[in-house]
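Before anything else, here is the set of structures, which you'll find just below.
Each of the next two complexes has chain A plus one other chain: chain B in the first, chain C in the second.
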Partner chain A sequence: MRRRAGLQFILASAVFSIAALCFGSAPNSSSLPKPQIASEQNLAVVVNLSNPVQNLSMPELRRIFLGERSHWPNGRRITLVMMETGQPERDVVLRDICQMNETDFNNHFLHGVFTGEVFVSPKTLATPVGVRKFVFNVPGAIGYLRVSDLDSTVKALRIDERGPEDKGYRLHVPPRSSK
Partner chain B sequence: MNGQNKRARRRTLAGPAALLDRVLVLASPYNSSLLLLIVFLVVVVVGLFVIRDLHTTNVEAQKMYAGSVLGLHRIGELQYQAQETRRSTFYALTTNDSNLQLEYADQSREADRRVNEGISEYLRQARMPREIEVGKGLQRDWSDYLGVRNEVLASILEGSTKEAVNLDLQGGVPSFERVRQDLEEIKRLYDVQASEQLANVAATSRRTVFRLIGVLGITLALASASVWAIQRSKMLGAIQLAKLQMEFVASVSHELRTPLTVISSAADNIADGLVGGKDQLKRYGSAIQNQCRQITELVNQILLFASTKDRKNRYTLRPLQVSQIIDSVLDNTAELVEGAGFAIEQRIESGLPSVMGDLSALSQCLQNLIVNAVKYSGESRWIGISAFVENSEERSGKEIRITVQDRGIGIDRLEMPHVFEPFYRGAAVSAAQIHGTGLGLSLAKSIAEAMGGTLSVASELAVGSVFTLRLPIAEKQELQMASVNSEPDPSIRK
Partner chain C sequence: MKFPGPLTIRVTCALKLTGRMMVSRIFPLLLGILVNTTILRGQQLVDATAADKQTLQLLLQRIDQLEARVKQLEAAKQAAPVSLPSAPAQTSAPPASEAELQADNAVPERMDSSKTLLRMRGFGDITLHGDSQRHDTTAFSLGQLNLFITSDISEKFKFLSEIVFEGGPDNIFGETRGENNAFGVDVERMVLQYSHSDYFRLAVGRYHTAIGYYNTAYHHSTWFQTTTGRPFLFQFEDRGGILPVHTVGASASGLIPSGHLGLHYVAEVGNGRASRSPITDEPVQNVVDDQNHKAFNLALFARPDAVRGLQVGFSAYRDLLAPANLPRIGESIFAAHAVLVRSKFEWLNEVLVVRHAPSGTPRVFNTPGFYTQVSKQFGSYRPYFRYQYVNAPSTEPIFPDVGLRQGPSFGLRYDASETVAVKLQYDYTALRGQPAVNALALQVGFTF
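Right after this comes the complex of A and B.
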């Protein structure tokens, strides 16, 4: 049984590696914040209203988004909510928080699940509304939304003591394409 | 003694019936209208009760519908939405697609919002303590269930299916069972209320039926009583009229027989040659002449009365001086008055205005009053005639009043309403064998009314009577027209 799982992992890694070679991978992002372009919006990291956490540092956020932390201080299990591949919000999270490209991120979770280093697997939702509803329904959920998509059903976290509306906030997302 | 007892018993038995007859006779001019009015009022009153009952039944039925039928419908909707809340939560278990799971979560939350609204509505309408208690219990239990449901949903969305199922089995099932029981209890309360209201409707409906039967019964009874009373009153009226007519015939016969006897005796004596000498013959002739005049007067009175009743009489109205009328009356009655040894005291106001009337008719009217005064004055030999102007009580302006007063036997208070009825003769008058037809006053009143006036009487037993003839004063226009037309104008004929 163990041998079979190992084989599956090797096969999956090979498939992802080939895919990464075919489509090309983004270079690792710098840890320094990028200057915000005028038309960009801030991207808020959101949690359930019942979550006692108000602020996270960027390294903590990275650990959470990489599934390396399983529970919140109140004991609730962390559920990671991601948007579908190709969404600018997801790209920003991968680049600025996880500091990975799509392939690395997928590989990380595939590998982590098999090795037991990753405790959560991200839930993928199609729309910001879905993300918002998910976070509202699941007390341990954490996701991300453009500031314009925020409402009172979720709570936006401060990152490194800066809220999404504050100057010097580090997560910016390009405007939505009109189509 | 035995005979006295029997008579007393007969009097007792006859008492109520006689009283009823007396009441019917007194009320005879109005009884049919009165009884119909009573029937109408009773029917209206009981009808109002019936309408009130029907209204109450309607209100009860509406309350039953609003309170119970709609209530049961609401509870049915609550049950459905509660099930929908639970069902949608379970649907989320059937997929791994988080987007679809969220849709089910939304459906579940929408259903639970409707349940909360339904519970709030129920609590708003709850009146009885038990209803409020159960409603609050339901609110509490539903809140408990929603707590579990939220955890179950969270677990499902997290992907912990097993945990979700365990949570539901441990917390969801028992709390939802409590909700179900609460809803059943509310349903039972609605059933009880519906039964009570149905019983109320049935009771009101029964009462309405009884009242309707009562209304019909009372109406029937009163209608029968009315018909009976009307028939009885008509019969009594007819009997009374027949009696009066019999008395009239007897009276007229008597009035005719006396002069006829005198005439017959005088004629016999003349024929038998018992009357000798010119003086004696002249006396006999005078007697026959007087008696013939009496008969003629009697027949004229009867004919006049008949023509008045048939409304065939026509009067020629023209301006008349009051003194002219009174002089005419005194001339016509001078022989009677002087013959009976009466003194007439006149008090005629000077400068009295004219009245519109028929001289002959008005003379006849006042003549009848003076003849009556002579007849019923008893030992007193005094008659007072006065004429004056007075403010009219019935119409605006002034009127002429002519009174004929005597100090005679007077009229009983109970007989006063009947003295102007045709053929009516008072009991005391009949007992005293004072001759008369009972037409004089009736005729006088008819004439007075035909002239646009009235005739009334005030009297006291053993003190005397005062008859007052009220006549309207002739207006300027009438006087001018009368002066223009020397001949009586046919347009002012009555």
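Right after this comes the complex of A and C.
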């Protein structure tokens, strides 16, 4: 009798553990409060000056950065600009906007292009200057830059009604390594 | 020698006094003025340097813009026929505003004949497979070699195709054709897509019919799939499958404005599946339809924001089949699915029924089927489980060979690298009126 109860307990524990493993989602990195280091900068999401969009919500931004939206409200095709793998700016976008790691992000786009759901893959550029020039030149482009890399040639979007200079802005990037 | 007189002495004293005053009072004043002047001069220089830097930056930017513009114009000049005169309006245009300059600098998407627009990716798999069925042998099998080609033709148009090389004979409703070890080439997908907006996309060509979920989520690549193969319900037409997996026709799809619900639609019209004898003919009507009637399919699905990775939907397909020596048969396929797909976890559930209704008779043949598949990633390992079921009546007029098939599959996928997956899978399939089949497969699937 005692043995049966023990077995039932083990079985129930196993079922519970499996269910917890399967359905319990990992803590969302973006929802965790992240202490902002004094030297951290905000990361601005930038678009072409001709783009009429001023503000995007985080879910909208996520859909855009995952290729689930392909057009701006003015009909222009969205061209996503990403920085190269390993750049801190890219890591912030993957972590806080896409909520994916590098492998998942690449697989997501590969699968999306394969099924035909993603119309265009992201363009990858090496430097902030390259991103700025690309966004300046392509009306449908969207990319990201440190606030210190911003200038008047691109437009920084507000995210959830907060600009990159505002308190409570959600995208922060660690300082550049001084090599 | 002359000695100084009293006047001279007075003057000398005055001069000495003045000199002392200069040293004690005026010199510090002059020094102060000099220092202040130097500081002011220095400040002016710093300001000027900053202004120069700013100007330089602006000029460099402007040079970059102009260089880009020159390149653009040179490219346009090379692309344009020599006989065409240059547009006078451009040369005599007034100075443009900043917005106009920016619009000018926008890179237009145009065809560059000097470079290819194709992007290619490959997929392949090799399997070691054995089962308990009589006359079957354990063998290494080359799977499908898939060349997936895309091309961004313009801002609105895109081309997509899958050219697949595959070996072995075709199996169409139990009838085989072709040689065992010969390879053939199939254009499995060939689609020209037009994207007007997120709410309307149009595709024409040969595509995967939007029946259920699996058929459009996984195409001709085992590397994408968790398991070694597709569920029996979604098996390809030339591998014994019962569904019109491919359609040649037109497909419209897009978002339905629905806020956080994320509703999507797909509406398709096409040739449908071949139904005339001989049944071993190519089942996908690529060039000629055996009748004027067209197949229609409508699918609706939701991807709610609230549950990331969840997709719930249904589809309805309708066609009219015209097999030889039989009355026309109305074919309806109703499918529903609920899937949860995340990077570390997937749970796929689909159910469908294929309904065949011969005209002139009250009899209807229903073939229900479903599968459920669950997997969870642990590092590079992903154990998975699938149970599938399909039950066709023994008198089913279109696919009499199918009967009842059901059973579980267990497997383990190991991602040896980002592009190579090794899978080991065991299948148990119970059949109506026949011994059950045990099968084991070891597969390596990859993309390149």
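Here is the rule we go by: the second predicted complex is superposed on the first by the 147 of 179 C-alpha atoms of A that agree within 3 Å, B and C clash if a C-alpha of one lies under 4 Å from a C-alpha of the other, contacts with A are read in each partner's own complex, and residues count from 1 in each chain.
The rule is simple: a contact is a pair of C-beta atoms (placed from the backbone, for glycine too) under 8 Å apart; a residue touches a chain by one contact, two chains touch by 3 or more.
Computed from a predicted structure; not experimentally measured.
A.B. asks: Determine, for the superposed arrangement built on chain A, whether chain B and chain C clash or fit.
C.D. replies: clash
A.B. asks: State whether A:Met100 touches chain B only (first), chain C only (second), both chains, or neither.
C.D. replies: A:Met100: touches chain C, not chain B.
A.B. asks: Does the superposition put A:Arg77 against chain B (first), chain C (second), both, or neither?
C.D. replies: both
A.B. asks: Does the superposition put A:His111 against chain B (first), chain C (second), both, or neither?
C.D. replies: In the superposition, A:His111 touches chain C alone.
A.B. asks: State whether A:Asn42 touches chain B only (first), chain C only (second), both chains, or neither.
C.D. replies: neither
A.B. asks: More residues of chain A are touched by which partner: chain B or chain C?
C.D. replies: More residues of chain A are touched by C.
A.B. asks: Give one of first, second, both or neither to describe whether A:Pro59 is in contact with chain B, with chain C, with both, or with none.
C.D. replies: In the superposed model, A:Pro59 contacts chain C only, not chain B.
A.B. asks: Identify the partner contact of A:Lys123: answer first if only chain B is touched, second if only chain C is, both if each is, neither if none is.
C.D. replies: Once the two structures are laid over each other on A, A:Lys123 reaches chain B alone.
A.B. asks: Looking at A:Pro139 after the superposition, I want to know if it touches chain B, chain C, both of them or none. Which is it: first, second, both, neither?
C.D. replies: both
A.B. asks: Once both complexes are aligned on A, which of 40-48, 148-156, 220-228 or 238-246 in chain B overlaps with chain C?
C.D. replies: The overlap with chain C comes from chain B residues 148-156.
A.B. asks: Both chain B and chain C touch chain A; at which residues?
C.D. replies: 77, 133, 137-139.
A.B. asks: Per the contact definition, I'd like the list of chain A residues that touch chain C in the complex.
C.D. replies: Residue positions touching the partner: 21-22, 25-26, 48-50, 59, 69-71, 75, 77, 99-101, 103-104, 106-107, 110-111, 113-116, 119-120, 133, 136-139, 153.
A.B. asks: Where on chain B does chain A make contact in their complex?
C.D. replies: Spelled out, the residues of chain B in touch with chain A are 98-99, 102, 105-106, 150, 153-154, 157-160.
A.B. asks: In their shared complex, at which residues does chain A touch chain B?
C.D. replies: The contact residues of chain A facing chain B are 77, 79, 121, 123-127, 130, 133-134, 137-141.
A.B. asks: Which part of chain C faces chain A closely enough to touch in the complex?
C.D. replies: Residue list for chain C touching chain A: 61, 64, 68, 99, 102-103, 105-107, 121, 148, 150, 152, 155-156, 158, 160, 191, 193, 195, 197-198, 203, 207, 216-217, 219, 221, 224, 260, 305, 308, 342-345, 347, 374, 376, 418, 447.
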